Amino acid sequence: MTTQRLDRTVLDRCRQLSTSTLSDALDKRGLPGAVEGLHPLIPEACIAGQAFTLAYLPVGASGGTVGDFIDDPGPGDVVVIDNRGRTDCTVWGNIMTEVAKRNGVEGTVVDGVNRDLQESLSLDYPIWSRQGHMRTGKDRVMLQAVNVPVCLGTVRVEPGDVICADGNGVVVIPLAYIYEVLAVAEDIEHKEEAILQDVRSGMTLGEARGRHGYHVLQTPDPA
Amino acid sequence: MTTQRLDRTVLDRCRQLSTSTLSDALDKRGLPGAVEGLHPLIPEACIAGQAFTLAYLPVGASGGTVGDFIDDPGPGDVVVIDNRGRTDCTVWGNIMTEVAKRNGVEGTVVDGVNRDLQESLSLDYPIWSRQGHMRTGKDRVMLQAVNVPVCLGTVRVEPGDVICADGNGVVVIPLAYIYEVLAVAEDIEHKEEAILQDVRSGMTLGEARGRHGYHVLQTPDPA
Amino acid sequence: MTTQRLDRTVLDRCRQLSTSTLSDALDKRGLPGAVEGLHPLIPEACIAGQAFTLAYLPVGASGGTVGDFIDDPGPGDVVVIDNRGRTDCTVWGNIMTEVAKRNGVEGTVVDGVNRDLQESLSLDYPIWSRQGHMRTGKDRVMLQAVNVPVCLGTVRVEPGDVICADGNGVVVIPLAYIYEVLAVAEDIEHKEEAILQDVRSGMTLGEARGRHGYHVLQTPDPA
């Protein structure tokens, strides 16, 4: 993969922020990135990593396999599987969970369904997907390409883009914007913390929000 | 708010009953009230309070804010947010959770989505909504009116109506009918308890149900 | 019920296998059986039993009751309720949960919704359904027939068919194929275990899968 690798400290900064705050920063910069409809298997999980992308297509008359890509991603990677939202067959299960966990992969995001939730829970390996199911994707879908642009719902993901996910769901931050989005997000986080401090010391929320410009925190700056 | 305030003991009686039993009593009186599609963040939570309603609309060309209403509701109130079932942007998050919890609000019901589920879980603040998401409603929706009639799915909610919610979901009891519905619900509860006692002492369910008229417990009385 | 009763040891063998592996074996034999859209109330639950089926229809002008069948099923039975996916009224609740639990029923599968989730959780009685709700089916649906062929989503269920369910969802194994499907499933399970052992001792997943023929494990044998 020729994608730029981010320093661990950048991913650590992402992990300090909720997907809410990161989504607000994307809004502030006029960028898409909030994925709809993918839910956490482990609501407490919070991950940040770079997208290792997989594009699946329905199998055709000539067949094809689900692939053996899972030996490749490692620490700092999030496996992103685009199965086009299909809920009738799975593209992730227990063996992949065990290998990914052993190899230090941050987590897996599936636009589709996954199986063997119990193994993921018992290994504390985080997954975001539409729902659980049990039927295999073998002989139903095939791995079309690795590390190509894919989609999560209506959100485009390029290989290497930053994937952050928590109890709220999944956001995608384009790699070229990561430092800018992080800076804006940290600024929003500080202002929201200041609002909370004011509220905790007895101010009404209306006063505290007014003092810190809450209602335009995510509003794009005028051009 | 000029709405009639219910005595705390009335809300306590509601909290002793499940939404199942309250829904049966609404059926018995021919009233609507069972809300479809809103799920609990905390399945063990059980609340009763009067509706403090908020009507949101999509933002238009002239803009508008999400509002600063949250300083107003308190003990005995349930915040009811009608965002028309939208799942693409949130109308409830961490700061509102913290203020509502501090002010003694019973809980929040959203026909739409909410964010910062972790903060709600850690503060044990109960929320019912369609699902979780992270994208803000700011610059997407605006607060149109406070304490006006709104909807949760197909169920109408007037300010002051009684909102009861538990692991099964949300029911709405019109304020003018609360004493009547409560009396019917408590009668149903007693009969169901009697059926359970008979069953526990060895009777078949068929016999016990027959003895207590189970199959017409919720059937409206003939006019 | 004239249906063939399976020996307890057969159901025990089913319970040792995940629905994933059983679904793979159904695939290998070209049989349907993977049910979509029914989710576990208790993700850790794992059951196997024979279908005691119930067919519900909407109530008509002449009325009808929800029935008193629940005294009949016992150990080795799974209650299968076909309410055609309706989400506006429930066909399972607290009293039925308590009776079924007392009578040793394995669990309940509803193509529709159920109520009183708290009682099911506190009694550790497993249920799979579309979601929770609270409105009764009384005066909305009626019990049309007991132990007739029914559907779970698009999957046909005959009385006595084997129902296996776990955190992934529900699979249906036709009674006449149970020994054949079990044998294939146990063979798949052994091969997957061998792959995992190889991976745990340092082999890549690609090598381990190649060694054990993973990519055709569920592929139907050529005719």
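Just so it is clear, A, B and C label the chains in written order, and each chain counts residues from 1 on its own.
The rule is short, and it goes like this: contacts are C-beta pairs under 8 Å (C-beta built on N, C-alpha and C of every residue); 3 or more make two chains touch, one makes a residue touch a chain.
The shown structure was predicted, so the numbers you read here are calculated from the model rather than taken from an experiment.
Two copies of one chain, chain B and chain C, touch each other, and the residues they use overlap weakly: the shared fraction of interface numbers falls below half. Chain B is reached from chain A by a rotation of 120°, derived from superposing Cα atoms (nearest 5). If you average the Cα atoms of chain B and of chain C, the two centres end up 32 Å apart.
Annotation for chain A: no residues touch two or more other chains. Chain B makes touch with chain A in their complex at residues 65-66, 68, 70-71, 87-88, 90, 93-96, 98-99, 102, 115-118, 121, 131-136, 138-139.
Across the complex, chain C meets chain A through its residues 18-20, 22-24, 27, 34, 36-37, 39, 43-44, 166-169, 171, 192, 195-196, 199-200, 204-206, 209, 215, 217-219.
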